[in-house]
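Both complexes shown next keep chain A, but they swap its partner, so chain B is in the first and chain C is in the second.
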Partner chain A sequence: MTTATQEPPLLSVMDLNVAYMVRGESCPVLRDVSLDVRPGEALGIVGESGSGKSTLAFSLLRYLPDNGRITSGTIRIGDVEMTQLSHAALTHERGNNVAIVYQEAGSALNPSMRVGDQIAEVFRFHTSAAGDEARSQAVEMLRSVLLPEPEHLARRYPHELSGGQQQRVVIAMALAANPKLLILDEPTTALDATVEAEIVDLIGTIRSQSNTAILLISHNLGLVARICDRVTILYSGRVVEQGTATEVLHAPKHPYTRALVASIPRFGDAKGTRYLRPIPGAPPSLDTVTQGCRFAERCPLAQSDCLAEEPPFIALGEGRTVRCYHADDASPLPLTEPGDEFPVTERRPEVLQLRNVTKTYKKTTVVHDLSLEIREREIFGLVGESGSGKTTLARIVAGLVEPTAGQILLRGRDVPRRLSRRPRDVKRAIQMVFQSPDSTLNPRHSVRFILQRAIKKLGSATTVLELARRVRLDQAQVESKTTRLSGGQKQRVAIGRAFAGSPDVVLLDEPVSALDVSVQASILSLLVESRRTSDASYVFISHDLAVVRFLADRIGVMYLGWLVEVGDAADVFAAPHHPYTEALVSAIPRLRSSSEQVSRIRLTGPMPPPSADQPGCRFASRCPRKIGSICDTEAPPWRQTGNGHKIRCHISPTALTEVQSGLKS
Partner chain B sequence: MTDQPTTRQTLAPEPNGKTPHDPGPPESPADAKANRTRRNRRYIIKTLSTSPTFISGAVIVLFWVFVGVAWQLVVPHDPQAVDPFHSFEPPSSTHLLGTDNLGRDVLSRVLAGAQTVLLIAPAATVLAVIFGALLGLVAGYYGGIVDIFVMRAVDVLMAIPTLIVAVLVLGILGSSLLNVIILIAVFFVPQIARTVRGSVGDEVQKGYVEAARMRGERGFYSMVIEVLPNVTSPILVEATIRLGYAVFTAATLSFLGLGLQPPSPDWGRTISEQRAYIEISPWALLAPAIALATFIVGVNLAADGLRKAFK
Partner chain C sequence: MRNYLLSRVGQIALTLLVVSLLVFVLCQVLPGNLAQTILGPHATADQVAILNHKLGADQPLWTRFFSWLKGFVTGDWGQSQLLQEPVFGLIMGRLGDSLLLAAVAFVTIVPISVIAGIAAGLKEAGPLDRFVSIGGVSLTVIPEFVSGVVLLSIFAIGLHWLPVTAVAPPGSSFGVRLEYLILPAIPLAFVLFGYIARMARAGTIDVLAQPYYRTAILKGLPRRRIVVSHVTRNALPPTVAVIAGQVTYLVGGLIVVEALFNYPGIGKLLLDSATGHDITVVQAATLTLGLIIMLANLLADVLFAVLVPRIRLGGSR
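What follows is the complex of A and B.
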């Protein structure tokens, strides 16, 4: 215990216990949570959904919902004991020393007020600045969160900003009071990979410029690795492991942390090389009383002593503690067989062809003259930022959106644009899994009803139980109402439903984005496995590039309605690739922390208005590799690099390889 | 910064409130929190059974329902029995609420009068709900031209001045129980159609309806089996609100002499009849007026309780 402890902590939480009153009973949510954040330090709090991360954030500022209560423990911020404060003192403290940024930035802003005025308000409230002075400070604040043209931007309304810009405005508002501690609750969960990377950058800048300490709450291990110095792992309301980010994420000791790290696809992982190990089971519900270790039920290393008494903290070194009796047990976690991966090396016949598909809403072109082939039994990953038209494309193929022009061919036969015109066999052949697990199933129906109906309408010989078994649902879940299921289970039912009629093509629109990492793993491995028993091809849409890289055989990259690159997954992820793909790939957070991070390409220019059908390359306004006016005036050609890999850019593949590999090494 | 966390209360509100037929932006991020919204039956029952608003409303309504059905068993006198020797009598032990201009027992007439309201209002509401929900379902489910057409028609119907039309129609067709019921129902269809249309529009965007379309379900099946069960709450709430209006409208019509003909003890009719004697026997006017008021208040309280529980 040397350097780290010399400075007194800015935030110090000791044995914090928080409970929610549920139906008249007090359910403990946080149990004996202790943590410190020193000035200027960034601490990450990691845990699955329901582990109490948000509750912790809320209780630090005493923002708990009405039925929540701090039952014991202390929270010190600087010299102030938060648990004892009066209401007035609390308001002062919240404004001046601590600021919090919630997820879903958009809803933190007042939609009817210009963003500049909203920030100026904070200055007026917390400093003596008034009128013009507050306004110019607001503009400065917007500049400091790296927003382009802050004077202009300050006069805009929130809905005129993109998600990432809104998030920055919210951060600017939080920073306006110059807090000593900034709490960020899942600040990037709703954002695209490139925008997420910008926010990460911004947080880095804030830290280097001011001495603001950061408490980052996230379930994204890559993000935490990128930002934080130290990490606290929360499981079922208890701290189970604590230490520096490098130690905890690279040499995790607690079986839960080890399982968590094993369940996410890391940069460059592909299904052929690595098996994602889902954590079996689910965390105990709040009102379950356990005597021993909270993780015992799911723990592969559990022994009899684990059940007798809750393990205490065991110090492993400086600032590193683990709550496990067998943390020194280095034996590998038992892995399930990866199974022989279906080889997709040979070129199989094409199942689905899109020819010059275009979709225009009024004047906005959402999908522009797009041609694409999906081969038999292939997983085709579709990536691109929000608004790039991925979902629209999938919905066109599904028949839910009518294209303005173009043709869809299924095994060479023309597919009617409208769903109602499609023959039964085509409907069976093309199925879709939707993004939100909560609206994908009818809340009034049982799982059995849903699967039964799908089998009946899509016509196949399977039974409900057979189908349920394939997506790993048990009999009890089959009989239950869909509202009883967790997000992951709902998504399984949706997958089962899509597979009811042995489809040729299954469109999966962000099927795991709404799920916890450990649940994601189980759905992804289910998808990989399903390929062994089914002939279906997948079109897998995701903004999480690590996931797409893991799953996909081939990848298509879209930018503002244009397809800019197509090729085998490995080819797309390595040079030469399209400058836009290059930026996307460099934005993926790596679990390997700071030392191994590649330098990231920043996309600075403005997004062109989607309506502008200007000549030239769509990416020209943001392209870091733009070569000159030709990019603005002439549409780039497709260039082949072999192996079916093609790039739409004025720069030749050889030249691209040169500049891109130069940057990488 | 305000005093409250502006976003993301732990028990999250409804997921995205996309406007119907809004094509984009198609890519929205995870709405992971939505699964915390618990709208299960047990929760609704629990909220209702602990809501003083709903309970008092329900008690009042049930009381009048009981009276309307079983008034023959509870009336102290024959509500139609005329007794010229005992007209305008103030409340007494034999006539708890006094007698009217013809010497009829006011209490018995008030109790018996519940029957017509209890027949007309629910019947009209049920009719209006059936047709309104159907229109709303069709408009919301098919969207596009169908939607525009249906909703325009509904707008036109809404713009019609109800009372004037009622006077005309009942004047021409003659006033019968059935005519009154149909007329009130027609007046209420637009509002119900609108409400249902709104909720259906939200549901149609959801994956389960699109999945139904993708497996080739017919429109009617999707509407009735998939969508309808998910819009029952707003329909139920709207129905109770309409029920209150229906009671009032029925009373207004009979007050104007367009309802049932004398000697029916109907409340609206009685209020209108007894207006002339307000100075001599105010009780004969007040009793049905209060009865009407309590019933309407009761229905509205119940409606309010329901609305909160379904929120």
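What follows is the complex of A and C.
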């Protein structure tokens, strides 16, 4: 993008200050934010929740809540000064010159209007097109975001589309009026890994075909690395570091950026090779007034000058700035976690066995004839995309869903299918932690009450404080109501509750996917650490392969109700692996610049309806390695590759190794 | 959608069967001797026996129930003891009058309440919202017999703007008949307004919190388009459900208002028959009203499904 640097910026934000009125006080949310995006360029805005990154996105569109206000600064898009626009001019600008795509595509679409009509609306009000012309242009937009059968799709309602299709429709809608600036606010957060990869491809296509400037807001550093040319790091409403994506993400200078990069599990990090470093503490609340650096309180390198006065921007080179006095201090960030070795689990006896577990709802098979063993003290990662049946499987083990057939054995003893039939010691032995702690903790109860009740119900000898200490909640948090806790703290309570009765197996269903990266790191470390003090095995369910790779000893991969591969983590992530696993692994966004990306496998072809009881392999319709009609007609056999690693595929492991390592060279 | 409708119709049939059994038990079995109940305490034993035989009350319970049910289904609803008329024709005639009154109340108040509710919701906590919310609650909690009497004394007796009775002289034009219905319709409308406007308001506020409302704004659509296609369209379904639910209330309200204004609708008929021990009419009228309530709810379900594509086209994938 060296040629682009000569052009004048399309978006130019200068000293932008935004404040919210909270209880009569004006709290600054964005302070002196300045940034530029040139035509055709992609800028990434990275920050945790509360950093003000979404406020920034909506400020650019002048869409702030009633108590929010731009207090000073300028926002220029093209030759329009956004802060000065009248309401009518603003309506013209929105959708026409600036468009936004945000997280929940499903709820961003009007549920009672056909998707084609929702796109046609943009043409109708921003161009001279009307009626049929607008409608046919909408179909063309759907075609341009590579949706199959656009004429047919335009007549569908949002609920009839998959999550990935919905996001494509939202992107098509945003691009309809050919905006100069496209803002993407966490566009893939709610999507599966392979769908995310498709959307990333689509954004790449858009960039190559138009000169649209892109502002990508995300906490996903891998995604930012893949899409963006330059990155701006936002902390507590301030820009703390700016530069090219490669420089900022590979040689971060600001201690916050360094901490952020260190807190995410990178792909390729196997367990035991590297620590995740959670950032201690939390960002200062909006109304906290500080004289010095906003990060100083959490910064391991902070010195007295950091507290006295806020550091200015220090230029480190062309377009690279950092707001830190000690950016040249390369001393390593001290470890914030105790201990420095991971227990390596040897082969231990099996604690939980699933035998031929099947769950069907009417004609839909959600879990198909699945057999699996979980060993003592192991972390078993269960991976798969939405609809793979992984959550249903966990719920079957937890007794929340009754299987249609099959057997569950706990230490060789048959476990009743229904929770109400399970004796207390079985209930104690199998515990579950859910994705969203918000909806599983009663908001009217204190943490103490919740933990106390769990201890009492499970007949355990531990105390509330002992339990709280284990999940690192302090005395004040124990006494407070759950509504006053942050997402990460609530998840700690949920984990503490699961550990109240020294369980044998803890089922964790996406326990960190709703949390910020740095908080995610602290929960993951907590899980690793609590294994040192407990004999529990974990079944860790996630769609985030990097997290699973970091945490799990063994991994099982599910696709549409079938277990397609199981084995030690290292074996599953290396060739030979199942073609579906291969596609998943290649879809992981890595913290490399776009030129270094490994070639990615794209899954095409339709997903079979889960009801179709076809005789062949479930993955056959999308498999890039399909060998012929045998895949459609015969169920693939399990093939052993040694060390307990097995793959369910018609292709032999040797042949798989050949094609899969051939791809990488 | 078809399966859904069929299952709803099945449910309704089953519910009606239970209702008919309840009505039968309450009217014929629990009071004890049917003819005694009808004829009163001063009837002779002979008279009682003759009437019991005439009514078939000397037959076994199940036989009586099923023959009554069969009669009801085939339109043979029996003879009114009090008015000496076939019950079917009697009820249908009165029902027509009641429906006219209910329709006047409905047609006037539904559009007003929906528009007021949406306008209030769009400017939550604004002056109009305060007015609609507080006014709605106040009107809802005033019983019809209170508002009816007050309105009657002010507009009919005091100011002479409107007639005191609800029935126009025979041979009056439709317009005149409507004029006579205004006063009795208002107490019904009062209560409806509160429910419907509050629901439309809540539906609107709910939509305004949805991301698709934000999408519509950030697409740069004009305000009117947003309110009509994106807000109203999605605020309506729950309101429709409430409106149909109010039919149940309307039936109860009708009895009170019809008695108050001496209006010869089905409510008044039910009241008169009950006080006059005209069991045949009470049974038939009660079951008819039950049928109407069920049909109104079915209509609401159909309308809801038509308005919500997710339901109309089957669940999400």
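Here is the rule we use: the second predicted complex is superposed on the first by the 650 of 665 C-alpha atoms of A that agree within 3 Å, B and C clash if a C-alpha of one lies under 4 Å from a C-alpha of the other, contacts with A are read in each partner's own complex, and residues count from 1 in each chain.
We take it that a contact is a pair of C-beta atoms (placed from the backbone, for glycine too) under 8 Å apart; a residue touches a chain by one contact, two chains touch by 3 or more.
Since the model is a prediction, treat every value here as computed from it, not as a measurement.
Of the two partner chains, chain B and chain C are each touched by A:Tyr102. In the superposition on chain A, A:His92 makes contact with chain C only, not with chain B. In the overlay built on the shared chain, the residue A:His159 is in contact with chain C alone; chain B does not reach it.
In the superposition on chain A, contact of A:Lys457 is made with chain B only, not with chain C. Comparing chain B with chain C, the partner in contact with more residues of chain A is B. Of the two partner chains placed by superposition, A:Thr83 touches none, neither chain B nor chain C. In the superposition on chain A, contact of A:Met113 is made with chain C only, not with chain B. Legend: residue contacts after superposition of the two complexes on their common chain; A:Arg395 is shown touching chain B, with no touch to chain C. In the superposition on chain A, the residues of chain A contacted by chain B and by chain C overlap at 63, 91, 94-95, 99-100, 102, 104, 107-108, 122, 125, 173, 177. The touching residues of chain A, when paired with chain B in their complex, are 49, 54-55, 58, 63, 65, 91, 94-95, 99-100, 102-105, 107-108, 122, 125, 163, 173-174, 177, 185, 189-191, 361, 364, 366, 386-392, 395, 398-401, 419, 424, 427, 430-432, 434-444, 453-454, 457-458, 483, 486-487, 494, 497, 500-501, 510, 513-515, 543. On chain C, the positions that touch chain A within their shared complex are 210-212, 214-222, 225, 229-230, 233-234, 307-310, 313, 316-317. Those residues of chain B whose C-beta lies close enough to touch chain A in the complex are 1, 3-11, 15, 23-32, 34-35, 39-40, 205-208, 210-211, 213-217, 226, 229-230. Of all residues in chain A, only 61, 63, 91-96, 99-100, 102, 104, 107-113, 121-122, 125-126, 157, 159-162, 170, 173, 177 touch chain C in the complex they form.
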